[in-house]
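Each structure below is given as C-alpha cells.
Consider the two complexes below, in which chain A is the common component and chain B and chain C are the respective partners.
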Partner chain A sequence: MNANFKSWPVIAILSLVSLPLLIMFVFQIVDTFTNPYPGSIWPQMFTIEHWRFLWEEPATGRSSIWAVTWNTFVFASTTAVAVTSISLTAAYALSRLNFPARRFFLAGLIVLHAFPTITLIIAIFLILQFLGLYNSLMGVILVKAALELPFGIWIMKGFYDTVPWEIEMAGVQDGASRFTVWWKLVLPQVQPGLAALLIFSFLSGWSEFVLPLVLAPGNDAQVLSTYLSALILDDAKPDFNLFKSVGLFYAIPVIVIYLVFQKKLMNIYGGGSKG
Partner chain B sequence: MQLRLENFTKKFDNLTVIDQLNLTVESGEMMALLGPSGCGKSTTLFTICGIHRMNGGTLHFGDRDVSNLPSQQRNVGVVFQNYALYPHMNIRDNIAFPLRVQKLDNATIAKKVAEIAELVHIPELLDRKPAQLSGGQQQRVALARALVRKPDVLLLDEPLANLDAKLRLEMRSEIRRIQLETGITAILVTHDQVEAMSMCDRIALMKGGKIVQLSEPDQMYNDPVDTFVAGFLGNPPISFLDAQVNADVFQVGPSQITIADSLRAKVNGAVKLGIRPEYFGPQFGTGITGKISFVETQGREDLYNVTLPDGSVLRSIQAAGPRLKLGDSVNWGISHDHALAFTPDGARI
Partner chain C sequence: MPRFNALGFGFLAPALIVVALFFLAPVILTVFFAFTNMSTSTGITGGDYLLSQSDLRGVKASGVSDETYDALENAGYLVDDAGLARLAEARDQATADELAALHSGAKFDARRDMERALKDLRDNRIRSTRDRKALAELFKTSVMDERFGSEAAFRTALDGVGIPQADQDILVKEAYTGWVWTTENMKLLFSLDSSYRYAMNTVIYVTLTLGFNVGFGLFLAISTFYLSPGMAATFRTIWFLPRILPPVLYVLMWKWFTWDTGFLATITGYLGIAPRNWMLDTATNAWVVVILINGFVGASLGMILFSSAIKAIPSSMLYASEVDGANRWQQVRYIILPQLRWPILFTTSYQTLSLLTSFEYILLSTDGGPGRATEVWALAAYHTALNNYGGNLQYGFGAAYALILVIIGIAASLLYLRFFNFKELVTKPRIEG
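This part shows the complex of A and B:
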C-alpha cells in the first residue's frame, strides 16, 4: 500500500458501514443456540433445540433436511460439472477453430450472457412440461446448466485466448493430434479458469432459488433454498429461530468454499479480461 | 534430406502472397530465407511444416511427396520465435513430448533426451520449468525439442529475434554448430542480413513473395543481381550515385571514376553506381571531393557520410584514425574495381 495513503480512516469507515451487518450475523449465530426469556430480545438460555431438524423425524408433509441437502448437492454439482465440461469444449472451438457462423455464435453468447433469463421462465416451464421433466431435479439441472453456459463459455474463451497459438502449433509439429494437443498442452494452461468456473457454478447452483421454486415445486425435488422459503411461508407455526438455524446450515458450505478457494475464484476476474 | 518446393503458390483469400516459388535446399544444407517484413518468409516456412496449406505446387522431402500430408506426418522440427515451450512441463518433459506422442518406452525416451540435452549443452537444466530459464537457454530447449525425434528438416522462424545482442552472437554460432553436428537440412527465416550471412550456406533473398537472388553469402554480397539485393546486404549499407558514362570514366558531377575493364564494354549512357563504404576512403587515392555530413565512431572503425557537391551521399568506413569533424572538406578516392554498376531501373550490369 502507498505510504502516503493512510489506511485507518478507510478501515474505520468500512467498519462503521458494515457494523449493522456484522451485528446481524452475530445475532443470527447466537440466536440459533439460545432462547430469550419471554418479552426480552436478549439471548439468555443456551439450547440446541433449534437444530433438532438435523436429527428429528420431519413433520408430516415436510421432507427430511438430509434428503433436501442431498438434492441441493446433486443439483449444484451436476450443474457445475455440466457447465464446466461443455464450456471447456465450446469455448475452445470458439477461440480456436474457424467454423461457419462462428461470429454469429460469439454475438449470441454476449446477448445471452446479458439476457434477463427470468423472462424465459414461462417458455421453459412449457417445454419442461412437454418433455415430462417438470417437477424433477433433472429438469431443473438442465435448465440451470443451460442458463449458466453463456457465462461459462465466455469466461473460458477468455482463458483460451491467452494461450499462445504457437504452443498448439508446436504440439502439432511434435506429432500430436489436435485432441492430444488440447488435452495435454492447452487444458493445463486454462486449468485455473476451469477450477474457478467449477466452483463458481457450484455456488451458483447451491444458491439458486427461482428455478427450483417454479419448475420443481414438489417435495421430491426440493432444495435447501425452497425448503427455507417453505419454512417461512408456513403460517401455522412460524419459528424464526428454526428458520435462522436452517439458514445458517444452508450458508455454511458457501462460506467454507469461499474461504478455501478464494484465490482460485479470483482467477475468473484475472484470466477473463486478458487478450 | 533434400527439400524441394516447386511452383509453390499461396493465397490468403484473394491476395496472392507467394506466386510460383521454386526452392531447393540440398541435404545437410542450411538455407536462409531473408527479406524485408511482409515478403512471405514465414508463410513459406509455415507451408513447409504444414500449418498453411498450399494453393498450388508441390513439396518433396527427398523422394517423398508431402504436399498434402498433415503436419503430424511430415517429420519437421520447428523452432518458433517465442520458443513455444510448454509452460506447465519441466524441460525434460518438454523435450520428451514428441517421443511420448510416438509412445516410445521410458528407457528409450530417457536415453534420447539425455543425448540431445548433451548436444545443446543443457543437461543440468532438465528439472526446471521453462519460466526459470533465460532466453538463450529456452532457445536451446526449443532446439532440443525440435531435434529429438530426428526430423527430416529443421525450420527456424526468427530464432534470435527475442535475444539481446550478446546472446544473439552466442546462439548464432551455437545453432550453426548444432546444425553441422547433426547434419540436418535446415531453413532459417530472418530479416537480419548478418544472421543470414554468418550462419547459412546459402541465402534466398525474397521480396514481395518472390526469390530475387539465391546464392552463397559472399557471392550475394559481392555480386548482387540488382540494387535491392545490393542495398539489403551490408551494414553500413551501400550508397548509390547517379553517373553518366563518358568515354573511359563515370562522370559524377564534377568528379570522375575510372570504369573497370570488365565493365567498359557493357555500359553507356546513364547508370547507377553502387559504392560500398569499405571501398571509399583516403586509402584509394583522391578524386572525389565533398563535405563530411555525419560522423559515427564505432570504436575500432569510424563511419563517415560525405555529401558530394551535387547532393548525393557516399558512405565510408575506415580504421579509427585522426578524427575528422562535421563540415570538413575531404578529397578521397574510390576503389573503382569494386564499383557496382546498375541500369537506372536497378538491374545489375
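This part shows the complex of A and C:
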C-alpha cells in the first residue's frame, strides 16, 4: 500500500519523536558500566563499580539488595498464583455455570473491572491497620491480589468464552460431573490464558510501587521498587550511575520475561490496566 | 427448567470474599472515614481522656462555668489521706507520718509550695530535688495532664475535684483524644481555595494527557502501519517499552534526562544556557514533563488498539483508494479514521477514569511540585492522608478527597455497564439452561 507515496518522511518523523526515548534507553544501559568525563555525561571508561551494591555490605539502615529482591520475588509470585487460581474458578462460574443472580455478578464484574481501585487506598491502609497486617509483606500481597482480581477474572472469562460448548457437553453426556469436566476437559483448553495471566500478574506485582510504599514502608517488607525510590530520595547528591544500575538490575527480569513471552502477553496488554 | 448449580457458588466463593473485604468494605469505609476527624493524633481505634494546658482555651470557650474553669486552671495540691498513702507506698510509712504531723490537711496552690512542704521534713529528709518534685505530684488534686482510659474513670476524677455534672459533659467531649464524627471535612473541602486549584490541575492534566495519548497513539498506529514490518516492529517496541518498564525506573530515566546534571542541561549547556532542572524549575516545564511521562506510557495503549483496528480494514479498500489516486492524507482521513471511531471512544473513556484517579507517575516525578503546581486531586488525597510534610496524617480529610473520586469512579463504572454490550455477556449457560 505504498503506491502513491514514499516512506522516508514517515521514518524521519518517527525517528525524531522517538529520539528522547532512545537516548534514555541507551544511556540507561551504557551508564551502568561506564564513568563519564568529569562534569559531563559522555561515557569515558569501562567500570563495574556501579554494580558494587550487589556484593558490598549495605550501608547501615538499608536492607541488603538480595533480601529485597527475595521479597519482590515472593510478593510478585504469590500475588500471581493467588490471582490466577481465584480467577480460574470464578471466571469459569461466570462464564459457564448457571446459578441464581448470575446476571448481577456479571454486572458487578464489569463495574469492578472499570472501577479505579487506587482511590480505595486510604480505606485499605486503615483496614490493614485494624487487621494488624500493616507493614507486612502478607498484607500487601493480599491487597495486590485482591485489586488485581477483577482484571484477572475478566481476562479468564474471555478465554473460557472461546472454549466450544461441545467439549463440555460430550463430557457431561459421558457421565462426568461438572467439576471433572472443568478439571479434565476445559482447563487444558484455557492453558494459554492461564499462562498469560500468571505472567502478567507476576510482572504487575514486580513493578508495583504505590501499594508497598503506602502499606509496607518498613525495611523488612521492602521491595525493589520502594528500595530504588528510597535510594533516589535519600541522596543529597544524586549518583545516577548507581540508580541506573539498581534500576537495570530491577528491570532485567521484566525485560527477559517480556522478550520470551511477548506473543502471549500482547493479548492482555491490549486491555491493560495502566493509564 | 434451569437447574441450580452449587458448584457455581463454590467456584465463586473465594472471589466474593476478596471482593467483600477489599472492595465493598473500603468503599463503605471511605464514606465513614470522610465524616470523621481521624488523624495520626487521634489514632484509629479508640482514644483516651486527657485535658492538657493547651486544651484550656478551648474549655473556656466551650461554655463551662467560671468555677469549673478555675478549679481546672488553679487546681492545687492537698495533703490528704489518699496522698499520704501514696507517699507511704513510694517512700515509707515514717515519711508519710511525719508529713501528716506537719501539714495534714494543708492546701497549696503551686507545686513549689508543695515541694517546700516536703522540704520541711527533718527526720526523713528527701535530699534530691528531683525526688521532691516527683513526690509532690502525688498530692496533686487536678485532673489536668492526666490520661484516663475510659469515660467512667475520667468522670470519677472530675467528681473528685468537685466539677458539676453539666460541665462534666462538656469536659468529656473536650478531653477526648480519639476520633469523632464530623462534617467539618466536607465543609473544609468546599471552602478551601486549594481544592479548586487541585480540581483545575486535574482537569488540565486529564485533558492534555488524554489529548496527547489519543493523538500520538493515532499517529504511531497510522505511521507504523505504512512501514515495512521490520521497521514497524522496531518503532512499536521502542514505544511499548515505557509501558512494561517498572514505573520507578521509567521515571528515573526521565529524571536523568531533565535534571540539572542530566542530558538536557548538558546539551543546552553547549548553547550557553546555564544548567537548570528542566523538570522542576517552572510550573510550565513541570506540566510538560508530567504530561509527556504519562503520555509516552498512555500512547502505547492507543497504539496497540488502533493498530489492530487498522489491520482489520479490508486491504482491498486501501488498494482501491490508491488506484483512484488518493494520497496518504486522503487515505487516512476518509478510510482509516472512520474505522477507528469506536477504538478512539473506548480509549478515551477508559483512560479518562484511570487518569483521573492515578497519581503514581506524578508522585514519582514532580511529587506535585514546584510548589503545588502539579498537585492533582488524587495526589492531594494521598498527600493529605498518607504522606504529608507536617507528619500529622489526616486520614479523615484525605478520605473526603478520596470519596469524591470514589463517587466519580462508581458513577463512571455504572455508565460503562450501561453502554457495554451486556446482553452478549450474559448468554445463558447451555448445559443447565
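As a working rule, the second predicted complex is superposed on the first by the 247 of 275 C-alpha atoms of A that agree within 3 Å, B and C clash if a C-alpha of one lies under 4 Å from a C-alpha of the other, contacts with A are read in each partner's own complex, and residues count from 1 in each chain.
Everything below uses one rule, namely that contacts are C-beta pairs under 8 Å (C-beta built on N, C-alpha and C of every residue); 3 or more make two chains touch, one makes a residue touch a chain.
As the structure is a computational prediction, the values presented were derived from the model and not from experiment.
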Worksheet item: Looking at the overlay, does A:L120 come into contact with chain B only (first), chain C only (second), both, or neither?
Response: second
Discussion item. After the superposition on A, what does A:P164 contact: first (chain B), second (chain C), both or neither?
Written reply: first
Item to complete: State whether A:I48 touches chain B only (first), chain C only (second), both chains, or neither.
Response: neither
Discussion item. I'd like to know which partner A:V172 touches here: chain B for first, chain C for second, both or neither.
Written reply: both
Worksheet, complete the sentence: In this superposition, the partner of chain A with more touched residues, chain B or chain C, is C
Discussion item. Under the stated touch criterion, which partner chain does A:P188 make contact with: chain B (first), chain C (second), both, or neither?
Written reply: first
Item to complete: List the residues of chain A that touch chain B in one complex and chain C in the other.
Response: 169, 172
Response to the item:
The answer for chain C against chain A in the complex is residues 2-12, 14-15, 18-19, 21-23, 25-27, 29-30, 33, 38, 44-45, 209, 220, 223-224, 226-228, 231, 235, 238-249, 252-257, 259, 261-263, 266, 294, 296-298, 301, 304-305, 308, 315, 318-319, 322-323, 325-328, 350-351, 353-360, 363-364, 378, 381-382, 385-387, 395, 398-399, 402, 405-406, 409-410, 412-414, 416-417, 420, 422, 425-426, 428-433
Worksheet, complete the sentence: Contacts from chain A onto chain B in the complex sit at residues 164, 166-167, 169-177, 180, 184-185, 188-189, 191
Item to complete: Could you please specify the touching residues of chain B with respect to chain A in the complex?
Response: 49-51, 71-72, 76-78, 80-82, 84, 86-88, 97-98, 101-102, 145-146, 149
Discussion item. Help me check something: in the complex, which residues belonging to chain A touch chain C?
Written reply: 1-5, 7, 10-11, 13-14, 18, 20-25, 27-28, 31, 40-41, 86-87, 89-90, 92-94, 96-100, 102-103, 105-108, 110-127, 129-130, 142-143, 145-147, 149-150, 153, 165, 168-169, 172, 178-179, 203, 206-207, 209-210, 214, 224-225, 228-229, 232, 238, 240, 243-244, 247-248, 250-251, 254-255, 258, 266, 269-270, 272, 274-275
